[in-house]
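Have a look at these structures, which come just after this line.
Both complexes shown next keep chain A, but they swap its partner, so chain B is in the first and chain C is in the second.
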Partner chain A sequence: MSRLIRFYPAAWRARYGAELEALLAARPPKLGDRLDLMFGALDAHLHPELVAAGARAAAAVPIGHRIPGLAATAGGLLFVVALVGGGVSGAEGWFSWIWVALFLMLASLPGGYAARVGGRVGLGLAAIAASFILAWTLPWGPNVVPAVAAIVLVGAGSLALATVRAGLGRRRRWVAVGLGFGPPAVALLVVAMGIGGQGEGSLVPLALLVTLYGVAWAAVGLVLMFRGSPTFDPEPRGDPEPAR
Partner chain B sequence: MSSMSELGRFAEPSLYILASLGEGPKHGYAIMIDVEAISGTPLGPGTLYGALARLEKRGLIEALEPVDRRRPYRLTALGATTLKVQLDALAGFARIGLQRLRGSAG
Partner chain C sequence: MGRFGETAMWVLVALGRGPASATSLLDAVRDLDGRIGPATLFGALARLERLSLVQSTASVAGAREYRLGEGNQGAAT
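Up next, the complex of A and B:
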């Protein structure tokens, strides 16, 4: 979301934020427009009743739509803590938390989407189950390749979809997906080619590299949690054009 | 009937917006382009949405279902009546002003 729109009150953003953002994407603001938006934000703070009256069509974001963001954030942070803790201490107990983290991350988006589009609840639950079973059955530790492959392959679609649902701009979307999958993919390649060696110690830097996946999930989850409104809009989005 | 003068600094942009919507529903960007074409003056995005919120609150326009992220707006019956009253008043004002100008020139 444009930084300028963030100066508007939350209720106002929920009502007009998406369409104003589409407008700014179609016509990037000049200096005068930026000043106009600042005055507009001040006006919106001074007249909150405008949104209250015009909010009939606004989609008030149920708390249930914020839960997936919370799950993604918690999963991402837990993923990082488990990997760093396990990598530093070498204790296997830390790594077992990775399964919980993976479940939270991979279940968060399908769960949230299914909650919005009721007819597709089954599909969402199936995605959750498939993600969970796949993550649970793949071993971590000596057989690090399938586990990292699961992160790269299973999580790729989920995180990419999450960045779209979070309403991230194209640049930030690419940054999130790049941070989430570039380093883990490199780690997978290194391990698969045997470049990293077979010793436990050599896996530590690779494990730390994979933590970026958790960081990306946590960041996208925070956006999902706090932005709310356009997050689980099932309607397709496109580049805005004038409609007459 | 709602008075445009109640809208303060948003009165003039609001009238342009109503005139723009007079030919059919439009979303924000299309309104902005059209108002600029009508008035010759750019309409800032903050002013546009400040005016849209006020017009919607007064029941002069109504929001339609969004298409992608773009939400079209259309005139209500009250909005069309208000627009006509305002334009009639402006037309009367222009007519009188031109008559007096011609009178002073002769």
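Up next, the complex of A and C:
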């Protein structure tokens, strides 16, 4: 149904798009409703003045709401720079920046969006927490499976949470997590199992694959920064907010 | 208002009973006036908001709630 909403002007979608999508999800449209939506799109194009002011107000995102996106973007870029810098120079110091990058990524996750998508976020956090506990309590060595599972859950889980926070649709969430975590996970597995060949040169293509994780974080972070997301939802106010 | 005039009137009647979300409004107007399309509802709402006859409030959960504009409060009661 979102295909029909795409026929509406951007300003109209910015103001009423989310509400219309929610309404159509709650009241699935019949054929007559679809025709009504087509006429509505035409009307919206003919009368842009109806939503111009409201759309500007809706698009105004406080600078504080862009901080989580900024952290995710910075974390992703730093991750890429640290890997590439370390790979090119061969200096170990570069790789220590990866921890800073991971901190920035995780710092972008807590936020008020959790209240709206509590189930999914709670499940993700529980899975991440459980994987940490598994990784630290079980001895390494023969227990490779829980260790790998922990890395997968933490790496993919945190990226998935970021996509939820950025408000990406289901398909884009899968693409971001799949491309951002799949190839890097395979590369890490190849290195861990020692089947990537001998010598530093053979590791370069694998290291490049791992940078995809940072690229995905940076891309999701840019969306999050553009859309904005409060870390703490403001208290509800009694005054109605005119949307003219 | 054009073709949205009648729907706009029923929207005002529905909001006279209290604030409502767009989905609740659609249900209420359909109860009052028969089947209307979702775009007709939003077309009427956009015009009513522009005329300040209706105001919307963003809730914490992200949904919007519509209520009568200040100029309409007395008429509704």
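As a convention for this text, the second predicted complex is superposed on the first by the 123 of 244 C-alpha atoms of A that agree within 3 Å, B and C clash if a C-alpha of one lies under 4 Å from a C-alpha of the other, contacts with A are read in each partner's own complex, and residues count from 1 in each chain.
Heads up, the rule we're going with is that a contact is a pair of C-beta atoms (placed from the backbone, for glycine too) under 8 Å apart; a residue touches a chain by one contact, two chains touch by 3 or more.
Predicted model only: the values in this text are computed from it and were never measured.
**Student:** Touching A:Asp36, do we find chain B (first), chain C (second), both, or neither?
**Tutor:** both
**Student:** If we overlay the two complexes on their shared chain A, which of chain B and chain C does A:Leu50 touch? Say first, second, both or neither.
**Tutor:** both
**Student:** Tell me which partner A:Val88 touches in the superposition: chain B (first), chain C (second), both or neither.
**Tutor:** Neither partner.
**Student:** Regarding the shared-chain residue A:Glu21, is it in contact with chain B (first), chain C (second), both, or neither?
**Tutor:** Once the two structures are laid over each other on A, A:Glu21 reaches chain B alone.
**Student:** Hey, what residues of chain A end up touching chain B and chain C alike?
**Tutor:** 16, 18-20, 22-24, 26-27, 29, 32-33, 35-41, 43-44, 47, 49-51, 54, 235-236, 240-244
**Student:** Tell me, which parts of chain B touch chain A in their complex?
**Tutor:** 24-30, 32-33, 42, 44-50, 52-54, 56-57, 63, 65-72
**Student:** Can you tell me which positions in chain C touch chain A when the two form their complex?
**Tutor:** Within the complex, chain C touches chain A at residues 21-23, 26-27, 35-40, 42-43, 45-47, 49-50, 52, 55-64, 67.
**Student:** So in the complex, which bits of chain A are touching chain B?
**Tutor:** That would be residues 16, 18-24, 26-27, 29, 32-33, 35-41, 43-44, 47, 49-51, 53-54, 57, 230, 235-238, 240-244 of chain A.
**Student:** Help me check something: in the complex, which residues belonging to chain A touch chain C?
**Tutor:** 15-16, 18-20, 22-24, 26-27, 29, 32-33, 35-41, 43-44, 47, 49-51, 54, 115-116, 233-236, 240-244
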